[in-house]
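As structure tokens, here come the structures.
Look for chain A in each of the two complexes below; its partner is chain B in the first and chain C in the second.
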Partner chain A sequence: MRKVFEIALGILTAIGGFVDIGDIVANTETGARFGMSLAWVVVVGVVGICVFAEMAGRVATVSGRPVFDLVRERLGARVALVNLLASFFITFLTLAAEIGGVALAIELATSVNYLLWIPLVAFLVWFVVWRVKFQVMENVFGLLGLALIVVAVALWRLHPDWGGLIHGATHPAVPKGEGHPTWWYFAIALLGAAMTPYEVFFFSSGAVEDGWTRSDLMVNRANVYIGFPLGGLLSLTLMVMATLFFEPRGIEPGHLSQVALSTALVLGKLGLAVLLVGFFAATFGAALETALSCGYTVAQYFGFQWGKFVRPTEAPRFHLVTLLSIVLGAGLVLSTLDPIKVTEYSIVLSAAALPLTYFPILLVANDPDYMGDKVNSRLGNAIGSLYLALLLVVAVVTIPLMILTKAGS
Partner chain B sequence: MRSRIAALLLVAIVCGCTGPVRSFNVYASKGGKTAKAVVSAVETARLAVSAAARDRAYGRYLGQVLAEAERDATAAQGTFDAIQPPDRRTDRLREELDGLLTPTLSSLADLRIAARRGDLVDLPRLAAPLAGLSKRLDDFAQAHQ
Partner chain C sequence: MAGRVLDAGLDLFDRQLLDKDARLAGKVDDLEFSFPEGGGPPHVTAILAGPGALAGRLGGRLGAWLEGLANRLRDSQERRPARIPFGVVKRIGSCVDLSVAKEELETDRVDAWIGDHVISRIPGARHAPE
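Showing the complex of A and B:
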């Protein structure tokens, strides 16, 4: 019974924790501009993150060491350093975007400028990282993030033309007035949002924090194969709402406030209030995950004691990196850079860096020295290799497409 | 080596600046993009007003949405107005677009002020001109893609 509860809780937190500011922005902007024509990318992204997160969780569970810990050992210090620099930069940008996202969510409820909230948000993120137990933190914000289901409820109440939506999703075509390069650029942004590297760092380090053993491999699979796809479905509902409300009106959403409009129109004040709680929980939870991921990656590369499973005084350098990342991330958004723009760049750049994150995972998950009898299956390797090839193409074309399309404008 | 780096930096800086527009078509296309951006802001404001009319959103939230819509429209107009029109023909185009932008921005400002004062019942009346303006801006954007 305890195991069933643990699995159910894991699935729920995986759903609630899946959506972050990147998913909110990317799915809404894409739906508003391209309708459902890029919905297939969300499916590709969710399958990709499932495949690699399962591997990362399995590696951490079997070896008792998170992925980044093994990357340096397996690939050598120099290659792992390149990996670290790219991963840390992307995760740091995402952290800044999430801190901005939390502040924007509070601004919507209070009308007080988001810049004034950023120092408080940064302090709260650090405080939770410092004081709150890992499991409590993971469960509270994962479960609160489920408030985003209100968007799906609004969609259900709307009784949309499901046939038309499914047709749009299954017959992808570039809408009139939009160019192919821009369409592909947004496809890459969606993929980057779904497969953000920090999700894997956090998931594999979290497996160690939670003290997973081989008997928890079932929990790992349930989280990944049930929780993540349902989380992906939640981000798809944002795309559908944008397709229904924004695309026909020519609205190009650039603010978090606009994302909430459709739900407010359908469900009223209560729906709006629940959605704002969902925005807060999703972005705050992701801010915690990205802040910790900054600490995890650096500490694991350099071999410092890391994690919340030990007292903060026993892992001072890990906590110092985490704290500095939070302070610098807050500083970046305080410079008045638009958090939504930071999000847009972070997800696209993360797409460019995806092979650096996922190649080592595939490598380690195939190494019998670490994995014993739990190495990848042939099917797992085939899918993983296919994705790696796709991610390499994405990495090569991302920057040229960014320049060509003026970042999708 | 240093001179090469300096040259590259100079190119990067120059590329980052808004250059003068030399043809009617390019200027018109920028006007079209401006109109499209303002349509987005106006339609956002109209959705917010619709939520207010049906008592479906809080005043603070609506004030925020309307303030951002006004800010977006103002920014779009500011960017367009900063572009030097290359000839007399483009002057007429500029006047035509400004003729649409000025009342639009005025209406958006009225909405923001009313929402921030809590006069939510006034919003539908204040938003009335926006339907026609949005249509004309959209026509302009379509004509100058």
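Showing the complex of A and C:
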């Protein structure tokens, strides 16, 4: 019975924790500009994150070694350091974007400028990292994040033309007036948002924080194969809403309030209130995950003690890195750099860096020295290799495409 | 641990160090060898860990910068990376297990300093999260 509860809780928190500021921004912007024509990318991205998060979770559970520990061991000190610098930078940028996102969500609720909320948000993020137990943190923000289901409720109440939406999604075509490069650029942004590297840093380190053993492999699979796709469905809902509300009117939403508008129009104040709780939980939860991931990656590269399962004095350098990342991340968005712009860059750069994270995972998940009988299945390897090839292509074309399309403008 | 033939590149470099209580204690950043007088294969005499040792492995400008940083962090004048004598190595697997507590290691000094001077000054540092 306890196991059933644990699995159910894991699935729920995986759904609520899936969406972050990157998903909100990428899905809304693409829906507004390209309708449902890029929905397939979300499917590709969600399958990809499922395949690799399951591997990362399984590796961490069986060998007790999280992702960046293995990156160092597999790639050696030099290459792993380059990997660390890139991964850390992207995770840090995402952290800044999430802190900005939380502040924007509070601005929507209070009408007090988001810049004033940033210091408080940063303090709260740090406080949770410092004082709140890992499991409590995971469950509270994961469950609160389920409030985003309100968007799906609004969509259902709208009685949209489902046939038209499905047709748009299954017959992808570049809309008139948009260039192919821009369309592909947004496809990459969506993929980056769905497969952000911090998700596996956090997920695999979380398996160690939670003390997963072989008997928890079931929980791992349930989280990933049930929770993540349902979370992905939630981010697709945002794309559908943008398709219905913004695309016909040619509006390009540049602010979180516009994302909230559609739900508010359908469900009124109460719907808006629930949505704001969802926004807050999704971005705050992701701020915690990225802040911790900054500490995890650095500590795991250098072999420092890390984790919330020990007293902070036992893991001084881990806590120092996490604290500094939060302070500097808050500083970055306090500089009045638009958090939405920071988000856009963080997801596109994530896409370019994906092979750095996923290649070592695929290697170790096949190594019987670590995995014993729990190595990848043939099917897992086939899908994993296919994705790796795809991610390599994405990594090569991202930056040229970014320059060519002037970052999708 | 004595008399085992290892491929240092494959079996030792970049492995995680664990102290006697399974606490994380750094990585095998580099190794110290001694060459027997009568010839024959070199022996590993110590594990070198920490920024100073890592700097040597990295090389280039980044390595030089890291080495400079490591030299500043050291209180003694001797310019050598922190070492862990190979005698305290208990077992080599996917991690390297040591038979001593991490506090006894030369490599733990930076961590201890940050712990004492920064982290433990923040309220709540000595309690596990609740």
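Quick note on the criterion: the second predicted complex is superposed on the first by the 409 of 409 C-alpha atoms of A that agree within 3 Å, B and C clash if a C-alpha of one lies under 4 Å from a C-alpha of the other, contacts with A are read in each partner's own complex, and residues count from 1 in each chain.
The rule we apply is simple: a residue touches a chain if its C-beta (ideal position, glycine included) is under 8 Å from a C-beta of that chain, and two chains touch if they have at least 3 such contacts.
Because the structure is predicted, anything quoted here is derived from the model rather than measured.
Once the two complexes are overlaid through chain A, chain B and chain C fit side by side, free of any clash as defined at the top of the document.
Looking at the superposition, the partner that touches the larger set of chain A residues, chain B or chain C, turns out to be C. With both structures placed on the common chain, the touch criterion links A:S111 to chain B but leaves chain C unconnected.
Once the two complexes are laid over each other on the shared chain, residue contacts for A:Q258 go to chain B alone; chain C is not touched. Residue contacts after overlaying the shared chain place A:S215 against neither chain B nor chain C. The superposition-derived angle at chain A (between chain B and chain C) is 130°, Cα centres, a multiple of 10.
By the touch criterion defined above, A:A77 lies against chain C but remains apart from chain B after alignment on the C-alpha atoms of chain A. In the superposition on chain A, contact of A:P312 is made with chain C only, not with chain B.
Per the superposed model, the minimal spacing between any CA atom of chain B and any CA atom of chain C is 17 Å. The contact surfaces that chain B and chain C form on chain A in the two complexes do not overlap at any residue. Within the complex formed with chain B, the chain A residues making contact are 107-111, 177, 245, 249-255, 257-258, 260-262, 264-265, 267-269, 272-273, 276. Note for the complex: chain C touches chain A at residues 13-17, 23-27, 29, 49, 54, 57-59, 62, 94, 110-112, 114-115, 118-120, 122, 124-130. Of all the residues in chain A, the ones that touch chain C in their complex are 63, 65, 69, 72-73, 76-78, 80-81, 130-134, 136, 299, 302-306, 308-314, 316-317, 319-320, 369-370. On chain B, the positions that touch chain A within their shared complex are 36-37, 39-40, 43-44, 46-48, 50-51, 54-58, 60-61, 63-65, 68, 72, 138, 145.
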